[in-house]
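Taking it in order: structure first as structure tokens, then the write-up.
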Amino acid sequence: MSLFKITGLTKRFGAMAAINDVSVNIEHGGIMSIIGPNGAGKTTFFNLLTGFIKPNAGQILYKDQDVTRLKPYQIIKYGISRSFQVVSLFEEMTVLDNVIVGTQRNMGYMNRLFARYDRQKDVRDKAMDILDRVGMAHMAELPAASIPHGDRKILDLSMALTTNPETLLLDEPMAGLSKAERLRITNVIKTLSQSHKVILVEHDMDLVFSISETILVLHHGEVLACGEPGTIADNEEVQSAYLGREVA
Amino acid sequence: MRKTIFICLLGTLALFFAPWAATSQAQEPIKIGVISPVSGNYGDHGALERAGMEMALAELGGKILGRPVELVVADSETNADTAGRRVRAFIEVDGIKLLMGAVNSSVAMAVAAVATERQVLYIATNGNSDELTSSKATRYMFRVAPSMASLGRAAGTYAIENLGKRWFFLTHDYSWGHSGTRWAKDVLTKNGGTEVGEVKFPMGTRDFSAQLLQVRDSDADVLMITAAGFDNVALMKQLAEYKIHDKMKVVYTLQEFVDIYPLQPQEHRGYYATEVSWDENDQLKAASEKFHQQYPKAASPVFDNGNYNGYVAIMALAEAIEKAGTADDVEKIIAALEGLEITKNLRDKPTYVDPRTHQFLSKVVMVEGNPQGSGSDIWKIIRTYDATQFDMTPEENPIDLTKK
Amino acid sequence: MRRLLKDPLLWIFLVFALYPAIPYIGNFISLGSELLLWFIFTLSFNLCLGQTGLPSFGHGAFYGLGSYAAAITYLKLSGEGGGFLAPLVGGIVVGTAAAGLLGWFIKDKRGVYFAMLTVAFTQVCFGICWRWDEVTGGEAGLSGIVRTTFLGIDMKNLHNFYYLCFVVFVIAALIIRSISRSCFGLSLQSVRQNHIRSQYLGYNCNMYKFVVYALSGAFAGLSGALYCLLTQSAFADILDWSKSGDVVMATLLGGGTVSFYGPIVGSLIFIICKNLLSSLWDHWLFIYGMSFVIILCLFPTGLMGVFKRRAASKA
Amino acid sequence: MLTLSLFLNGIVLGLVYAAVALGFSLVLGVSGVINFAHSITFTFGAYFFWAMYKHVGYLPAMLLAPAAVAVIGFFVERLVIRRVYGQDPLFGLLITLGFAMGMEELIRMVFGPATHNVDAPSFANGVIIFGNFLYSQYRLFIALVAAIMVAAVWLFTEKSRYGTVVKAGMFNSEMVGALGHDLYKMRIWILVLGSFIAGLAGILAAPIWSVKSGMGSSILMPSFLIVLMGGLGSIPGTLVAGLMVGITLSMGVLVAPRFVDIMPYILMGLIVYFWPRGLMGQQNIIE
């Protein structure tokens, strides 16, 4: 059975259909990239998948369980987690505390009334471990608001790991990163993809075609094409959509 | 960082209490704690009350039993919660044993609660609610203004005898308003009148068009109103605007000179019960003249309920202290006050203090608005009743403060 | 032990433990008790505003309902026979129930709408209490409540009652502080700072808002009940939204949004300056209004915000 | 017959309340500031009108007084409101609330605490009577003026060029600034216009409610409720919500006369609960 089974998914904002009758199956394992010009509905697709907004029509099955109507904090339990296109952090907390918020929830410590959050050794260790994996351990005590943009993007990604998910939805994790940082994150994504299913929204075509097993092309809220990088590369519709010629 | 908080705490505490520390002088003055509104919407009513007190004190030469008297004022902000706090500070810090004042009943009740707990004397000047001298009466509280029983029944008696038998009631919807209507209804039913209808309107109502349309729609020949404060000023204007006076006679169970004075002459229409009228006798006329000179900016140019009650309160306290021979023993002063005949009340007949209910009993004056009048001549006296005739009888009000 | 000495809460406890002994200031014993109750109320209010970002502009409703509940429990239940605990429990129960009920209905609302719904709630309560003569005594309020003995200590004595309030304040302050520093406290902070990200980490934000609102209602009910016993009466005036505005102003003045001690410093200055100003000048409201504007314009995060920023710049 | 006159009276009241809330809604919509100093401009309008209408005549005073209030509005913007743009709206609410409290006491100092009286204009002083039905001409006059005010502001925001830019400012002030419109100047003009409207509303209310220092605080809450119910920045919404409040207050006398004053709060609670952004509200910079 496939990981995601999406049938007839539609979401309209007023007259404009951001996602128009999308039906696609997403398989287990490896990296899948979603590409498409700006405004193709990629972020809306992510919002629908993670329950942040409710679709007007259609159904989403995750491992054959219906998650269409669930809210984000319920979908997390199924092992789905996401990072954000526009960095979304807890600005007044330190880098470590940002991650601790996730790990303490995951370890079930979140409702302790009298246990001091900064003295829970096991929660801190798990958080530091996650920061190690993305190479940010040295920034643990810095306020999240003061670290450079690149590191904030990586912190956003690492917070998605705190709910030890099976499926990771990363919304443009590379946007605004320096060359070195892009390399670092690509390796992180590669190692993650062994253990997790990674769904990536990305504009960097060489990166997309080099690391992804399957590619889904969205255009005006509809599925233009879905398949191996090879078939997508020489698909005229995809090229015309990107080169701006309207399909006849 | 820790030390800064500590210093800041101590600093503000010390800063707060400086002014009060400096008030104790050599010869021990008699301190009277006056609690009435200073700021806010009712500030001018409070000022009027205090002016009456100051004037009475001046006439006594500022001394009782030879000791100088000092009026210590606290702002009640027409709020029971704040008034209670300020009065407690009076008692605990300044050791004040004599309290006075309050423009509305909720503040009077709050101060009475503190006075009972701390066993100090409190003379409520202007709260009219019945509870003050019935269900919530306490040994440590006296009340100068007549109860709504006297005012309501006086207005009701005059109306039933002269104006008509079909009444419509317009009631300010809080406990004071209810008591005014209750006593007027008492007179109505006892004299075979019929109640055509009643509308209660909430505090803070500024627009009475809805209520007055209902009044016009009824075929009553008397509109009995119990309303006070700024709502009442707006109501008076709209009574004229909707030409209610053409259709029926308008009667107020209590009206303040201060509320009507700023209105247009043609809005001075209707029959009102009031506690005092400045032109009752020459003594009051002279006193009003003197009052206007000393306090030109006061809310009322003449003696109105507010300043008259303040005046009588000081005179009563002075006579009681003289009779008791002490200004410090509260129990003795209470005993002296009970049954006291207050002669310096600018009236021909002294005010009698009923020992059973601690209610000051004097007169209730019925007046009729004078649309042609100008300046202070806004109404003319049509009947004077003796308050004892209408106050709550022992059956209606079983309270007896003389029994321990 | 050394760490304990550096803890500001300990210094605050010390100051207020010695408060009655302070030469001149100590005479204001009732004001002292009231300050302690006001601290409990503003600290629990700050659990909503400073910790979870809930602008509860009608929080006075739970304080007022708590004091009414205590008065009614006393008059109906324990009567003359004494009974000091029943009114306190009544206050807490009604405070929690009212906050829970309102919290449940507005748990998904945010910002201005949340604030206005709480104001609507407190105004409706005020309207009802002001008119319901049979139960709440209407405008004349409820009186005739007498502080009897509690655990063998005669509560009529003001100093005993002051120290009862002090003990309750110490317990409440420790509980609230530990909550604000606990894992649960961090969860609340995550709801305030970024409720979208917090949902994606698995937190049911609306439920947290409801729970913290009910919890703070309990403390507000408790302080309201103790206030009723202090004044031995209960009036509808506390329920008016301008009273609720006072608690918000005090917390902001002190810097509640950035520091746990903000509400304490804020309410201390707020109550004292209000009393001090009003004895100095008839039109004190003008200074009061203007100074509030100036302070908040210069120090948006309130006084404690200034201390914190200077401490941070030194670090 | 009574219900009909109460309904008509509700419409008249509704229009006045809509006009009162108009200035508040405009400022809240464009600059995202909850301007509680609105009550001050309302009160100043009434006081200035009372001070000048005997010397200058009724109609000229109806233009001069609000103009004076607009000048005060300018200074209010420079002194207080300027610091509040872009901050958390509740912060703006508290600062302007403190400011309004201080200014109210200032008015009391300058003009004295007593109530002043403004009598209706000569041309609308009488009463219309047909059959048993009676209605005061003055209330119809102010309903008319209120309707004109609401229509004028609606036309201004919907039709005129400057108005459309202002309306766009309501929904995305950064974008409008980015497009080259001097957002800085626009906000000042909006507050000045808002003060003008509030001053005019104060003049309409003066003869019925009489002029006193505390009159501003009594319209503050109703205005805020109306704007929330109608939807932030939506002028038709303010009109509809104003009418609803007016009718509730007027018809409420038939249902439960005792609880008429808390009905608007209950109404607001219901509407905001089911329509989170108000009847006609859209996403706004407030959120």
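So that you can tell them apart, the chains are marked A, B, C and D in the order they are listed, and the count of residues begins at 1 in each.
Convention: a residue touches a chain if its C-beta (ideal position, glycine included) is under 8 Å from a C-beta of that chain, and two chains touch if they have at least 3 such contacts.
Please read all numbers here as calculations on a predicted model, not as lab measurements.
Listed by label, the chains touching chain A and chain B alike are C.
Each chain's centre was taken as the mean of its CA atoms, and the one lying most distant from chain B is A. Overall, the chain located most centrally, as judged by its C-alpha mean against the mean of all protein C-alpha atoms, is C.
Across the assembly, the chain pair joined by the most C-beta contact pairs is B-C.
Computed from the mean C-alpha positions, the centre of chain B lies at a distance of 34 Å from the centre of chain C. Between the Cα centres of chain A and chain D there is a gap of 47 Å.
Averaged C-alpha coordinates put the centre of chain C at 33 Å from the centre of chain D.
Taken residue by residue, chain D touches two or more other chains at 105, 108, 258-259, 261-262, whereas all remaining positions touch fewer. Shared interface positions of chain B, defined as residues touching 2 or more other chains, are 39-40, 43, 173, 202-203.
Screening every pair of chains for touch gives A-C, B-C, B-D, C-D.
Across the interface of their complex, chain D is touched by residues 55, 57, 105-106, 109-113, 115-117, 119-121, 123-124, 127-128, 131, 241, 245, 248-249, 252, 283-290, 292-293, 296-297, 300 of chain C. The part of chain C that touches chain B in the complex is made up of residues 6-8, 11-12, 15, 22, 24-25, 27-31, 34, 127, 130-131, 133, 137-141, 143-144, 158, 231-233, 235-238, 243, 261, 265, 268-269, 272-273, 275-276, 278-280, 282-285, 303, 307-308, 311.
The touching residues of chain C, counted against chain A in their complex, run 178-179, 181-187, 189-190, 193-194, 196-205.
Touching chain B in their complex are the following residues of chain D: 1-2, 5-6, 9-10, 12-13, 105, 108, 112-117, 119-120, 127, 132, 134, 136, 138-139, 207-210, 212-215, 218, 249-253, 257-262.
Interface residues of chain D, counted against chain C in their complex, comprise 34, 80, 83, 87, 89-91, 93-95, 97-106, 108-109, 221, 224-225, 228, 258-259, 261-262, 265-266, 268-269, 272-273, 276, 286-287.
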